[in-house]
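Below: one structure in structure tokens.
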Amino acid sequence: MLSKQEAAQRVRAAKVRKNLTWARIAEAVGAPVAWTTAALLGQHPMSAEQAQAAVGILDLDEEVAQALQLQPTRGALETAIPRDPTMYRFYEVLQVYGPTIKELIHEQFGDGIMSAINFRLDVEKVPHPEGDRVVVTLNGKFLPYQW
Amino acid sequence: MLSKQEAAQRVRAAKVRKNLTWARIAEAVGAPVAWTTAALLGQHPMSAEQAQAAVGILDLDEEVAQALQLQPTRGALETAIPRDPTMYRFYEVLQVYGPTIKELIHEQFGDGIMSAINFRLDVEKVPHPEGDRVVVTLNGKFLPYQW
Amino acid sequence: MLSKQEAAQRVRAAKVRKNLTWARIAEAVGAPVAWTTAALLGQHPMSAEQAQAAVGILDLDEEVAQALQLQPTRGALETAIPRDPTMYRFYEVLQVYGPTIKELIHEQFGDGIMSAINFRLDVEKVPHPEGDRVVVTLNGKFLPYQW
Amino acid sequence: MLSKQEAAQRVRAAKVRKNLTWARIAEAVGAPVAWTTAALLGQHPMSAEQAQAAVGILDLDEEVAQALQLQPTRGALETAIPRDPTMYRFYEVLQVYGPTIKELIHEQFGDGIMSAINFRLDVEKVPHPEGDRVVVTLNGKFLPYQW
Amino acid sequence: MLSKQEAAQRVRAAKVRKNLTWARIAEAVGAPVAWTTAALLGQHPMSAEQAQAAVGILDLDEEVAQALQLQPTRGALETAIPRDPTMYRFYEVLQVYGPTIKELIHEQFGDGIMSAINFRLDVEKVPHPEGDRVVVTLNGKFLPYQW
Amino acid sequence: MLSKQEAAQRVRAAKVRKNLTWARIAEAVGAPVAWTTAALLGQHPMSAEQAQAAVGILDLDEEVAQALQLQPTRGALETAIPRDPTMYRFYEVLQVYGPTIKELIHEQFGDGIMSAINFRLDVEKVPHPEGDRVVVTLNGKFLPYQW
Amino acid sequence: MLSKQEAAQRVRAAKVRKNLTWARIAEAVGAPVAWTTAALLGQHPMSAEQAQAAVGILDLDEEVAQALQLQPTRGALETAIPRDPTMYRFYEVLQVYGPTIKELIHEQFGDGIMSAINFRLDVEKVPHPEGDRVVVTLNGKFLPYQW
Amino acid sequence: MLSKQEAAQRVRAAKVRKNLTWARIAEAVGAPVAWTTAALLGQHPMSAEQAQAAVGILDLDEEVAQALQLQPTRGALETAIPRDPTMYRFYEVLQVYGPTIKELIHEQFGDGIMSAINFRLDVEKVPHPEGDRVVVTLNGKFLPYQW
Amino acid sequence: MLSKQEAAQRVRAAKVRKNLTWARIAEAVGAPVAWTTAALLGQHPMSAEQAQAAVGILDLDEEVAQALQLQPTRGALETAIPRDPTMYRFYEVLQVYGPTIKELIHEQFGDGIMSAINFRLDVEKVPHPEGDRVVVTLNGKFLPYQW
Amino acid sequence: MLSKQEAAQRVRAAKVRKNLTWARIAEAVGAPVAWTTAALLGQHPMSAEQAQAAVGILDLDEEVAQALQLQPTRGALETAIPRDPTMYRFYEVLQVYGPTIKELIHEQFGDGIMSAINFRLDVEKVPHPEGDRVVVTLNGKFLPYQW
């Protein structure tokens, strides 16, 4: 049985081979692009229909479709602190602004957390005269501490 | 000379004592709330005016005002992986969605990063029938790899 | 301003001095014993009433009562892997049964997690002819992955 | 000779292929579901009969049956701090409530530990109007420190 | 309130000052020498009588006697791998013979562990013509894995 | 050339296949059982005669015999802190009793260490009415610090 | 699909086989030597033309050319602290001069960083009577903290 | 006796108090600015004359002058991987370009290293129409491996 | 009671104050210079006579003399990998030549170790036309593995 | 292309097969034994002649000869702290005597280091009535800190 990591590698290779974008694949799958990308990289399970749509557009076989439907064991960083600069910046945000985010969540909502489960994220390109901006929106349900 | 960490502790204590919100202090300082919170927690240097406004509303002394203007050595997490659940969820987002964010930045912008320096963030409360949502917006300039 | 850790130390000392049990203090506070213990050890914020009741029975001062109401930065282990044998056994359970628990949650509930926020725990003593048993019940709301 | 880890991978694949649940396999094996799952994932040795029953329902060969009977070297987490969110929540419980559990064990039982060897666990689904609850029960013999 | 670590430091100082041995103190306490040493170093709680006997012979005050009776949070190594050569050799034994000990326990007893709770140890000096030998005996109840 | 680790895996497999005990193999090798087990697991070099005796009873080939005679690079734990419960208990003994053992060695012998090189260990089963006991004896030459 | 790491290994082998220098390959690729070396070692993506030129001079196949064009996940050190002495010296520079560099950047530019993205580096040999000198120039755009 | 770390803190405070730059202090000391900064931050020993000049301009006392002359134990990072963004970028350079620098040193000089002892560094501001540039020059003697 | 670390700090300060060398102090103590230095830095216990001689020449009090006689808990590095360049080079030697030293010890002596207990070291300055050389001699008794 | 690690494994196997010593191989290579051992284990590059001599006496092929000439990425320890007892003792020497060595280098030479690049080491067997001694001589050029 193909692991989800092996399936993800085949997906990446097929995407290059067929010259597709994640946006185009997501459209075929019928799901948000960030969710679809995460699922194809092995972090979310797909439904049978979604998996079929994905292997269809990527021209991959049934074995990949099955792997895409498996329950993942999540966690994608190779080291506790990410080494890749594009990913590191988000860790840096946490180092510099972690306590700030915590303070503002507590001020606005009380004691609790932003769910990372009932959660969605978007990555957008926002044009700006001094240089385009990456806008990443993290959107999670507030969960109050409740005994 | 007071360190920025000691100043931050005095700020936290005064904020409780005077029953202020970060939003109210930010208003007095005349700066965005997330920036102001980060600055008061020791992650950004304030201008003399901002520092005066802050110690004014918090009823703190000149020593604190000076510390708030110092250049910080940034980095606020006590452990490489944050232990506090409210902060951990953002690390979890990185573990689950880090490669997804990387893929989408590269797809939309090409090779490069979201700056964490030319950067702002906002924490908002968005009402929702099934439970309010925490929306954290990370907004940084795209910096293309350029030799 | 007293930190929550310092307040916890004073609480422990007073508890020994006054020869109280956590159960007895919890009764005075009017909250479940595990929650009360966690709160007094600095992991949950108390309401003003709860804090007054706690310092009342423990004969501590206002400074402690204020610390007990502060929003905590949670996380109590001194090392990533606990060294104390009583606490280590729970880490060992995770090492031996972590994937089992994960499998059974997914089998019974689908993809998601047991919340550690909308959560309660109980520690009970269950008599048994071959030796009493410690029964720890972890009870958290199921949160399905939801985009 | 097949290692227990390789056997576990074949078990997982066969379980998907034959569309079985852990509950159904445990029934065939004649043992509690959590124990059976842990054993099939390589954390407990099975008796010859249990192993035969397991490979029978999973349609696997003798080589797997032998591996299931081997004495395991236990420990299943890939990193000291689990990265998968479903498993991480149990580590978070330890970070937030570890000292609380320790205090309550000592209060109720005296100095000692909950055995993780003379031990069983159950994972249950408890319906609740505001959302079903995951109830994990850890049940271990109390072992007093005894010289 | 004195912590057990602070009490241990006072014990060590008094032992030097009064030129006592652990053996002599253990005799006064009426308990085995290894247990007594561990207790005075903060790893076991003493009864009131034992604590009184200990502070008596060491000429320490009531504050120390109270600390010696507190429930310890155990774990005495400053680093995960001990740096002191006398202690390191025992870690080295584990590196070289750990799997051997595991195999022999399983061969003689079946699946289970040597308890470190229902446990005692002795350190003896055994004269030998080619140089005296240190004999450390670890003696723990066998605990079979039992569901 | 077969590595000692690969040889150890073949030894383990053959031992299961031929249903042998370490005690029986040690008898054939003509050496103490703990030493023989450690040697077959790759932590000691065997003489040519010992290696022949071992592969003889295990029905393995010359390649394994050669590997058993190689000088090892010792160290068998997969992680600095062992994860397997049977091995972890010995690490826990070090955490709880390390300084005690150090104190008692110094008290009885002066400044120095127990050698882990001029050293032997035994694992015995000692019957006891309340449950059999595992007795592990560590026996090493005392080496005084000597310039 | 060949990974960038595998492509880098083939590049290294071909470079030895064909007795080329990085300088000579860079000339063929038409890019600075440090950038070209980094790209061929898998840290930068090449354009199709650059990749063709590289595989041309190195006599490698299309598969390598494709791998060279992939977006990298950057980060090349095998351990957080480099072990190779030639690379370690740069880590040592950071240990000894990190805060100095930070102070001087802030003194000359204000609060901000040297970009490692809009960045180039050169390694030069500067003859010197007492021994040639390695001069490494790090040249990055200053990015002021800007909200 | 004041430690070099304590002296460094007093230097930083005095520098703010007297509103001096590192460049101005270095001028008074009569040494390069980067060297002077490193020395005042505790990474190099000063001569008696340099130390007198430094405390003179900073208006500090003899105790600081003595500490500045002590032989340092070098190493200034609080964590193995620096957390401050201004310093982290240099670690990132090592992660992305470490092997490139190594290759180019070996290509130009043969087997050896850039000395970090017979070494100097400069931090310069180079104006540029698209934004000023930070240019850090590392200049160390080449040391060939020599037996 | 003064700890050995505190005593070491007082020794260092007095040595600067009185402008002594380790060689001169060792002469007064009547012991080899490396041993004396290690003992004064807290890594070896001194006899009463040695301690008296040391505090005599250093003009320190009885409290220091007592601390110098205490049994040390050895281990002096602040981080597992030393950060100070002078000390790091010896770690680098271990990284580059560790397996070489191991091979040569085994080739010349058979299976065993160089004792670090029955051990002495010397640091010498050997003049050389191309630059003086540091010669560090490690001299330890060979200990054969012996059961 | 064979890596230096793979070449080292073939060298080790051939050395056993042909029953050679490192001393005998070094003689054939015409270089010091410690250098030759390090080079054959992959830590130094050999010249073409040396590599030919080595594969000649070891009866290995051209592929190995080429690998022996490659520039190494140095660093041979599998873990930051070596686990093998023969290698660990040298790490222990650093833990116990590191600061002593540092003090003595500075006392005799001033501020600087012993080079590990312009460096040689020898391992000798020195007979002694109470047991032969391992004498390891580290001999490196002194490098003064020089700006």
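Remarks
When the chains are written out, they are named A, B, C, D, E, F, G, H, I and J in that same order, and each has its own residue count from 1.
Following the convention adopted for this analysis, a residue touches a chain if its C-beta (ideal position, glycine included) is under 8 Å from a C-beta of that chain, and two chains touch if they have at least 3 such contacts.
Treat the numbers as computed from the prediction; the structure is a model and nothing was measured.
Between subunit C and subunit F, the least number of touch steps comes to 1.
In terms of C-beta pairs in contact, A-D outnumbers the other of A-D and E-J. Rounded to whole angstrom units, the spacing between the C-alpha centres of subunit A and subunit E is 50. Note: centroid distance subunit A to subunit C, computed from Cα atoms, is 33 Å. Each chain gets one centre point, the mean of its Cα atoms, and the points for subunit B and subunit I are 47 Å apart.
Note: centroid distance subunit E to subunit F, computed from Cα atoms, is 24 Å. For subunit J, residues that reach two or more other chains under the stated contact definition are 73-75, 77, 80-86, 92, 95-96, 99, 102, 106, 112-113, 115-119, 143. Taken chain by chain, the contacts fit none of the simple shapes, being neither an open path, a ring, a star, nor a full set of pairwise contacts.
Residues 1, 66, 70, 73-75, 77, 80, 116-117 of subunit F are the ones touching subunit J in the complex. Considering their complex, residues 31-32, 35, 44-45, 71, 73, 99, 102, 106, 111-113, 115, 117-120, 143-147 of subunit D touch subunit E. Against subunit G, the residues of subunit A that register as touching in their complex are 9, 12-13, 16-17, 78-79, 82-86.
Residues 81, 83, 85, 88, 92, 95-96 of subunit H are the ones that touch subunit A when the two sit in their complex. The residues of subunit E lying in touch with subunit F in their complex are 21-23, 33-34, 37-38, 41, 43, 74-77, 80-82, 84-87, 89-109, 112-116, 118-119, 121, 123-126, 128, 130-143.
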